[in-house]
Amino acid sequence: MSTVKLISDAEASPEVAAIYSDIRKTRNSDFINNFWRALAVNPALLKHTWQHLKSIMSVEGAIDAKTREMIYIAVSTANACSYCVHSHTAAAKARGMSDEEHGELLTIISLAAQTNHLANGLQVPVDPEFLVE
Amino acid sequence: MSTVKLISDAEASPEVAAIYSDIRKTRNSDFINNFWRALAVNPALLKHTWQHLKSIMSVEGAIDAKTREMIYIAVSTANACSYCVHSHTAAAKARGMSDEEHGELLTIISLAAQTNHLANGLQVPVDPEFLVE
Amino acid sequence: MSTVKLISDAEASPEVAAIYSDIRKTRNSDFINNFWRALAVNPALLKHTWQHLKSIMSVEGAIDAKTREMIYIAVSTANACSYCVHSHTAAAKARGMSDEEHGELLTIISLAAQTNHLANGLQVPVDPEFLVE
Amino acid sequence: MSTVKLISDAEASPEVAAIYSDIRKTRNSDFINNFWRALAVNPALLKHTWQHLKSIMSVEGAIDAKTREMIYIAVSTANACSYCVHSHTAAAKARGMSDEEHGELLTIISLAAQTNHLANGLQVPVDPEFLVE
Amino acid sequence: MSTVKLISDAEASPEVAAIYSDIRKTRNSDFINNFWRALAVNPALLKHTWQHLKSIMSVEGAIDAKTREMIYIAVSTANACSYCVHSHTAAAKARGMSDEEHGELLTIISLAAQTNHLANGLQVPVDPEFLVE
Amino acid sequence: MSTVKLISDAEASPEVAAIYSDIRKTRNSDFINNFWRALAVNPALLKHTWQHLKSIMSVEGAIDAKTREMIYIAVSTANACSYCVHSHTAAAKARGMSDEEHGELLTIISLAAQTNHLANGLQVPVDPEFLVE
């Protein structure tokens, strides 16, 4: 279904195999999802994307891991990325998102979409009160 | 700048004035931002939108008020709603979003956009592991 | 503000002037809006776009002219095209869109955006009942 | 395929069953489409969304029911909501949209997308003639 | 799966058959892809769209055919058009896009999406240096 | 106008000043555009984004620098990023994009948008011929 071949473990070059290995070690799981197997067609893109994502999502910061995944779902929904909605909903659930939180998240996402379209449809000018300095 | 006239307090019909009054009371502030003044051209749309938003954003649920505003920023950014990014960034700051949290939020939003485009550009098939039942 | 120079009547090449003249004649108005003056930087693009739009919007079909402009507003809002929302709202009003219709249009646009984000956020599978054959 | 379990009639809680019953009564049909069965995972979201949509789409206003569905298709197409395009195309046909109207609708949607991208790609400034006071 | 019936050669009216014939002749291939078979439900839309696309994509201009397809992939990815990503990736490969170029294309597309969301999320004002005149 | 303060040279912390210095050296120009001055509110985000973009856009690969900027314009247009369209159109011109190429680029972008909306509006199924085994 993808526009490139998905690279299995058997087909992985040493460079790709090394990244698959780092993904497994970092996530403490044997599962490599299709996103990485598709990127592997271009080893530089795979390496670059993995290191970028790892540096952001693996480090604990001011926003906790569950909330990060919920923000990820919000952006992926608005960008109509079917794969991303599926993978990050699974990730958010794995990090403890409850059914109640999932329902509230969808409520806020859809409310935002509603008022986004109203503000864009009316071309509402930004209030001076909202401007920085 | 908007596609409709913004309705001032002086121009408000009794129906619109009643909603302006409820906005002021609910938010405990005299400020009515332009979004509502633009919607007021159609009193039914104003009433409907305000009651809908009020019922969601004014009630404390499983997701706290600051995080709700941050999710709102994420959706508004992906939908390219300039007005909404401004108003909800102001709201998130008013609810305690720190500069560090703002920076992390933008980092996650932009990372999600990056991988959204990779998954859509490669048309990665959803892994069976992500499917519900 | 645009990324190209807007071409005034005085600066128009004979090819551009001929299209400006056809726009004026077709619309029975002396006004040439900025969209065409920006496209004029590339006369082939100007000609091509004008003839394409003219062949669609100037001919009366199964959908009346006012409704066409309202559909145009809906798409332009979802695509976050500020210029297009402004120009087609003006056009819809010129073709008789009432304030009530404008309000209802915005209500439907924003409702659609809300349920679009719910369906995408939940990845709802299409019911067999909706499929053609 | 969805990110949540679809709730069958047998699995519905009394709260969900009551809404399923109202959907059936309002639409005068036994069919409950997957959108509602997915929302049912969160009964509050289901109730809220149904009442919101019902209050807008079930009431006859200035815009007739067929045209409303056609505007819905336009927004859903621009927002790349596969489920919504399918369900609202079925609904528009059920309300009398002819093949000719469907073809014209798609013509206008795609023309709007074309000029939306031109105006955004050129960053055309809004003409003063289009501004409201 | 589509919202309209796909028109086979056997079902084609003389008007549709003539366009199918022109597509085959222009492309020097017997294959008619589903996009055209779906548009054929509305012969005017089919004719119009084919002639428009043919006049642009079949003529060699300042941008070579392979690069045109790569730009097409970029837009289709951002607009979340699954069909278009598939068909234009196939077309770009047929015109010589290498795996390395495909990887770089996806890298640039995803980088652009990342910074698009940062600029929109921060509402960065355009530098005077970027303005034309 | 932005949602954060733009950081001038005088206000830059040593960490930010070091990145401003690297931007100037890499680009061989004294000009720091607003995008970086806005990101500077969060030094980690600034550093991260600059190094990411520098590693991609500063290195010559299979796609030449001018074409990369044109692909960037295509994505930015579809994502409705006003700032990005302005800055990357300026960059493409600085790398030699002619008026003719600019016109063709816009022609292809808008054609793609048109057919993206047709394919999404019709939900055209992907032809087996386009699938990668």
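Labels A, B, C, D, E and F are assigned to the chains in the order they are written; within every chain, residues are numbered from 1.
Going forward, a residue touches a chain if its C-beta (ideal position, glycine included) is under 8 Å from a C-beta of that chain, and two chains touch if they have at least 3 such contacts.
Please read these numbers as outputs of a predicted model, since none were measured by experiment.
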item	value
Any chain in contact with subunit B as well as subunit D	A, C, E, F
Furthest chain, CA centroid comparison against subunit E	B
Superposition of subunit D upon subunit E: rotation angle, C-alpha, nearest 5 degrees	120
Distance from the mean Cα position of subunit F to that of subunit C, given in whole angstrom	26
Distance between chain centroids, defined by C-alpha means - subunit A, subunit C (Å)	34
Multi-chain contact sites of subunit E, meaning residues that touch two or more partners	1-4, 45, 48-49, 52, 56, 75, 77-82, 85-86, 89-90, 100, 104-107, 109-118, 120-123, 126, 131
Subunit B - residues contacting subunit D, complex	1-5, 48, 52, 55, 126, 131-133
List of subunit F residues in touch with subunit E within their complex	1-4, 31, 33-35, 38-39, 45, 49, 52-53, 56-57, 61-63, 67-68, 70-72, 74-84, 86-90, 98, 100-101, 104-105, 107-109, 111-127, 129-131
Subunit A - residues contacting subunit E, complex	3-4, 41-42, 44-45, 48-49, 75, 79-81
Complex interface listing, subunit A residues touching subunit C	73, 77-78, 80, 82, 85-86, 105-106, 109-118, 120-123
Residues of subunit D that touch subunit E when the two form their complex	80, 85-86, 89-90, 99-100, 102-104, 106-107, 110, 117
